[in-house]
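Just so it is clear, A, B, C and D label the chains in written order, and each chain counts residues from 1 on its own.
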Amino acid sequence: MKACFEASKIWMQLPAPKRGEIVRQIGDALRAKLEYLGRLLSLEMGKILPEGIGEVQEVIDMCDFAVGLSRQLNGSVIPSERPNHMMLEMWNPLGVVGVITAFNFPCAVLGWNACIALVCGNCVVWKGAPTTPLITIAMTKLVGEVLEKNNLPAAIFTSFCGGAEIGQAIAKDTRIPLVSFTGSSKVGLSVQQTVSQRFGKCLLELSGNNALIVMDDADIKLAVRSVLFAAVGTAGQRCTTCRRLLVHEKVYDSVVDQLLEAYKQVKIGDPLEKGTLLGPLHTRASRENFENGIKVIKSQGGKILTGGSVIESEGNFVQPTIVEISPSADVVKEELFGPVLYVLKFKTFEEAVEINNSVPQGLSSSVFTRSPEVIFKWIGPKGSDCGIVNVNIPTNGAEIGGAFGGEKGTGGGREAGSDSWKQYMRRSTCTINYGSELPLAQGINFG
Amino acid sequence: MKACFEASKIWMQLPAPKRGEIVRQIGDALRAKLEYLGRLLSLEMGKILPEGIGEVQEVIDMCDFAVGLSRQLNGSVIPSERPNHMMLEMWNPLGVVGVITAFNFPCAVLGWNACIALVCGNCVVWKGAPTTPLITIAMTKLVGEVLEKNNLPAAIFTSFCGGAEIGQAIAKDTRIPLVSFTGSSKVGLSVQQTVSQRFGKCLLELSGNNALIVMDDADIKLAVRSVLFAAVGTAGQRCTTCRRLLVHEKVYDSVVDQLLEAYKQVKIGDPLEKGTLLGPLHTRASRENFENGIKVIKSQGGKILTGGSVIESEGNFVQPTIVEISPSADVVKEELFGPVLYVLKFKTFEEAVEINNSVPQGLSSSVFTRSPEVIFKWIGPKGSDCGIVNVNIPTNGAEIGGAFGGEKGTGGGREAGSDSWKQYMRRSTCTINYGSELPLAQGINFG
Amino acid sequence: MKACFEASKIWMQLPAPKRGEIVRQIGDALRAKLEYLGRLLSLEMGKILPEGIGEVQEVIDMCDFAVGLSRQLNGSVIPSERPNHMMLEMWNPLGVVGVITAFNFPCAVLGWNACIALVCGNCVVWKGAPTTPLITIAMTKLVGEVLEKNNLPAAIFTSFCGGAEIGQAIAKDTRIPLVSFTGSSKVGLSVQQTVSQRFGKCLLELSGNNALIVMDDADIKLAVRSVLFAAVGTAGQRCTTCRRLLVHEKVYDSVVDQLLEAYKQVKIGDPLEKGTLLGPLHTRASRENFENGIKVIKSQGGKILTGGSVIESEGNFVQPTIVEISPSADVVKEELFGPVLYVLKFKTFEEAVEINNSVPQGLSSSVFTRSPEVIFKWIGPKGSDCGIVNVNIPTNGAEIGGAFGGEKGTGGGREAGSDSWKQYMRRSTCTINYGSELPLAQGINFG
Amino acid sequence: MKACFEASKIWMQLPAPKRGEIVRQIGDALRAKLEYLGRLLSLEMGKILPEGIGEVQEVIDMCDFAVGLSRQLNGSVIPSERPNHMMLEMWNPLGVVGVITAFNFPCAVLGWNACIALVCGNCVVWKGAPTTPLITIAMTKLVGEVLEKNNLPAAIFTSFCGGAEIGQAIAKDTRIPLVSFTGSSKVGLSVQQTVSQRFGKCLLELSGNNALIVMDDADIKLAVRSVLFAAVGTAGQRCTTCRRLLVHEKVYDSVVDQLLEAYKQVKIGDPLEKGTLLGPLHTRASRENFENGIKVIKSQGGKILTGGSVIESEGNFVQPTIVEISPSADVVKEELFGPVLYVLKFKTFEEAVEINNSVPQGLSSSVFTRSPEVIFKWIGPKGSDCGIVNVNIPTNGAEIGGAFGGEKGTGGGREAGSDSWKQYMRRSTCTINYGSELPLAQGINFG
């Protein structure tokens, strides 16, 4: 940490386009190892290989994006109301950015944060999940090699393997003005309180409880395929996993039937094997959590339409599960981190939006429809209150060009594209008087 | 509050340019009463009349600015990596914005927040300071009249006179997704914790401890005039008041001498009277706070160069005070809300920046110099860590076109110009599939 | 002209927000005379009163918009690849902007140009149409009064009544770096050649030949109402008038029948009278032009479905006309400035787009549909090639917040909102070295 | 050309980030051949090797920049004044972009244009200089290979070797909506007229006549080194070459003396040889042009301080030349494409700016000073009227992050960074009505 803090003084003074060149080389180093890293990730996390490779590809995409960004971290020249004055909005590095990531995206979330943080002129202190040390070490070595090849201290990118005590240390460290945290709402809130106490800033990516709405005019086939990817993909362990499926009463039976049919085809097994769609849950604890969740669901009136059990075998495999349940059941308001999908029926679009917005989380949401009116209402002031608001695509699978993150209990942070970079810099409003008079704003006369 | 919440459903669906038209009319209503409101403000708060009128003028400026903004609350169309997909970044209203303001700017801070919040489609719930009820009532009536004239519910702009219990209620109310708070770091932190518990957002404008640096190549006359306005203006009760004067050793004696001379000329008295530069402190408590502050200063080795006493008379008048003290004294790290200026000596620009950055607050700062190198270093990565970074002008007196606010203990919020409006809206990343295929991001194949 | 050129030296040095304040006052002066100016405009130009008032309102809207803009004419601070270097993109005034407007919008087009030009720091030299001198004089007096009340030279806003010789003089005058011209493609091209010879710039708003496409899934009632406004409004003398109606074969008969029915209801007469929808053409020459046009149409196989004749009475009244004709007829490629609508039949959306794009002009276009796929294709790379691309609204009736103008023969200029202001300023890329070394870009070593 | 036009239909429908990936691969292909291409360029054009390599590096930088840009070609979502309406500003590809480059930057200017044009979705038709066919062929092959490796038609990037007749064909071809031309003001103007006749657009980069001002408070050593690079680099054949040196009378003798001293050290010879600073002129014609220029200079009173002759040897070598001359001499207003520097004396900054702005060209300019007042005036409304406005660096050596180009006779186009990409796309203002009502803008009632 000390080395990292020292390194930040060098790194922040390198011109941004030079920092971009380093990030470009990091992207190339990852590209050379794409297949290998994808397999490692798949092996360690448990997600299927195409998703493992896709996740590494996302970091590479982020590197390419950040290279361009390194020449576009633009401030503004703002017209001053005073003669011989110039007003500038400047963006400067923060110093060191702490990044705490979770097991489900052990690599992509780091990429979103680190690529941007680095071109913005910050060093990175990364704590990966305690259960994914290999990918943490592999990434750190690759980045370190690039830095050293360029005669820069490897401490610019520092990482720790470990648990909550490391997280706490980062949250408390006054040398880390920004902590980017991905994880549960509960832990996120506690990190935020620790960080604010010392006047630091947080970027939070917390729980999601994402609904997918199927209107009566939807392309049902497209919707069903999307739900399958959104609810079963990554064994339901994405923060953007579809957890609630809201179906218009007119197409309810048809959608549920087709979905049950699709669930039957899902190949469960070794994530590295071709054709597998559903790998194991990440840990034994996740499996237990699933079992407990199912109990609670049943106790709150949920009806299991398919699945609902763990699979007795080596590995933490569970059945992909569909549950019919009332939107007002308490369990529906929470995030159950596994392949469990609640199906709910609605009558009008307004009702569907209300259900969508009725949970504490606000990450992702999706509607399937062919009506322009529904589309534009959905993305407007009375539509979804989430950070991600999709149409005719699943709740998951975001592109890096947009800002990723959510509202309410999801924490409000934004990562990857758009102007997310601004969170990794400090902004200053600079007014320069280059004349010899002292006119005051608002035309005030003093003395 | 209930009326306000209901009104928000109407207000957020009015097209933004129509909301801008209402704000334009509010500006005109204020313009018609500029002189009157300025006097009222001066009378109630205690600031001198030109400052009172200047403060109301600032609200009018904000209205004019917000009108234009109402057609420029732009989202983005972002290129999607998938064929037949469109990616949009949308900005939608939050609903209701709580605004808690302090006694020192009973009107301008409301203006920064309310003008922007309103055009963004939010209703406003305002709590003014308990000691400035008249200006709160006057403003509320004027705005209400404009709303009613346009057949809109006056509850769109709702205000409360009262103390901490009202503040608490606002902080806890889940119908208020954003609370904008101006006040001390301590109270601000507690508001933030209450609001985050319920997953709301805060915009904080907290304490400042603002330094003004005089380099050896500065225009001394300009610097001295600036310090006078920055340290004595508003009786030192601005959040941007200059509290620390850092002078290069080569010009130290000359600056201090001229400053002492200038302090002698300061006319103390009735703020409504022409020529007065220093009115009373706002309350008896402020006066006591000043007296205690002076005691602490002395106990920590501070040497009073001028002033240092309260003035025995009707009203809470105190002497404008200059103190010579070591930068390492504890009292220098705190904000003493009155006309007390610490003078400190430095040898190099780097040392001055270090002192500038050594306090917990990060609001405003200023350097006086004729050197381009110093100017650009000052506004760069190794310069001032404040939100406001001035050159050859005082620490106070911001223009509305820039973003106002500060880093670290100052809370990180930004008000008025630049893209401050984004804090008053929720952002959503919308991806619309208008084709009939389902390509996934990062080229993933699923099923 | 000389006075104007001299005045530009004063005006460009006034801070932009101060210029905005002047424009705000101009808006207020117009607002006070809205009804009166609207009537004058209606009387002189011949458009119906609601359109006359709407046109003046548009100038007022532009003033309000420009006031906000005066604090947002932002340049950029761009990261430099060299240490101790700062890169800025600055926007500075041009000096004097020439504005040549046409009879059909004697006031709004001036407003689009002048409001922006003025806040950008330019003086304006305006040549109104020779046939609308009264509105030119009225506007000029109102603006002049505001300027003088603020102790500014009235020459900042200078206007001429007159014909082509004045236009020529403006085009040739080297003191006018930018000429904004609205009129025919032919004259526009000749203005451009004259201006480029002296290395000046042009902003051209030339002919339109605007199509409205009705798909088979359209809301026919909405479409018919829109066509009526778009084809008959302002007696077909808008540059955005709908001249070509492309109807899907499946709904062709229904659309044409309803349209013919609607045309029967159109009240022709005194534009100042309530209920009138169609006033006279602007001049006797316009009427003759209409008559000739009808002859050519007939000679090229056009079939008159309704109208087709001048009305023998006082004033230059003609019948609103609908013509069935082949898209390949030569006359369809040209702009006939009157209430003549060509109706064409198509089979597929692709065919409709092809017809839409097959004319030399590229101003406005519109599709009526309920299909998201059609909507997004229409506004995408293979859709309409026009500058204005509408959905479910007429081709005319633009809002000021967007950029107004068209491609190809329409000249490429953009007026009113978005970043149109950039055309009224000169951009400079400034690189400031504040260090003492001389590193070169692209890492070059020289000497 | 036909193949290119056909290919454009495929290319423009590829999502922009996919096009970015192709451009990234082009950058990598160039990077692999950097040294080789640099030598080829040096050999064929005649510039010294570090400049040859630097030029290729600039194309690589452009590729990296364009990759990021491919996810940031953002349109806008603009608030509509009408309920249930959405306003979008969309940017779509043009189709085919013609790029005509000159001998002096046979590769970088292509890179500025092609990298941006390609990610924007356009195919490129390139005409290199007739005297640099090898670099044209080498570049074309490299790009073509990348395209083919990705199963894309190589015709996406089409090039021609040849002279004016090819240029004419491009200018006339209606399938090329944008022609980017780099060359003389005279030819540029004629290209523009041809292109406008067919309603196409031009992006012009024409002559420069660039001044460097040395104030009396300048760092003289820095200034002299800069002039050397700016006036002698590339044998004075850059469009940004410093042609006019304006020196404050107080430092005139000192600057001229040091400059004469520096000129003595300039090693003239084989551009591929280490240490050479001045290679030959590009062609025999350039050499003759130099000789004629010197004659004219002498006839107009110019006094040769050093150089002034061609060097009798193999190759088109000439002496680096300094001329003392009056600013009012006609020859000073023209661009003489060789290492000839006019030295002029001035008294005040205002006078220097006036001389700087007194030529028909407006490309680059530079001031050397230590005064903030001079710096900010120089970049402000009354400062340099050029597109490039430098401080304490030479007139040449632009970074790609800023926009490159100039005003007045330089043609007004902008290439490389900032928002230059907008010139390579067509903009449309789209208003979508998704409701069932038809409210009109400006509140108009019709029918």
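The rule we apply is simple: a contact is a pair of C-beta atoms (placed from the backbone, for glycine too) under 8 Å apart; a residue touches a chain by one contact, two chains touch by 3 or more.
Just so it is clear, the model here is predicted, and its values are computed rather than measured.
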| item | value |
| --- | --- |
| Chain pair showing more contacts of the two, C-D and A-D | C-D |
| Computed distance of Cα centres, chain D from chain A, in Å | 41 |
| Distance from the mean Cα position of chain D to that of chain C, given in whole angstrom | 33 |
| Contacts with 2+ other chains: residues of chain A | 13, 17, 61, 70-72, 76, 78-82, 85, 88-90, 372, 375, 391, 399-401, 417, 432, 434 |
| Topology of the chain contact graph, where touching chains are joined (line, ring, star, complete, other) | complete |
| Complex interface listing, chain A residues touching chain D | 17, 20-21, 24, 61, 64-72, 84, 86, 372-373, 375-377, 399-401, 417, 432, 434-435 |
| Footprint of chain A on chain C - complex, ascending | 13-18, 70-83, 85, 88-91, 370-372, 375, 391 |
| Chain D residues within the chain C interface of the complex | 12-13, 50-51, 54-55, 57-58, 61, 76, 78-82, 85, 87-90, 92-93, 121, 177, 185, 189, 192-193, 196-197, 199, 201, 219, 222, 225-226, 228-229, 233, 277, 360, 375, 379-393, 397-404, 407-409, 412, 414, 417-418, 426-434, 436, 438, 440-447 |
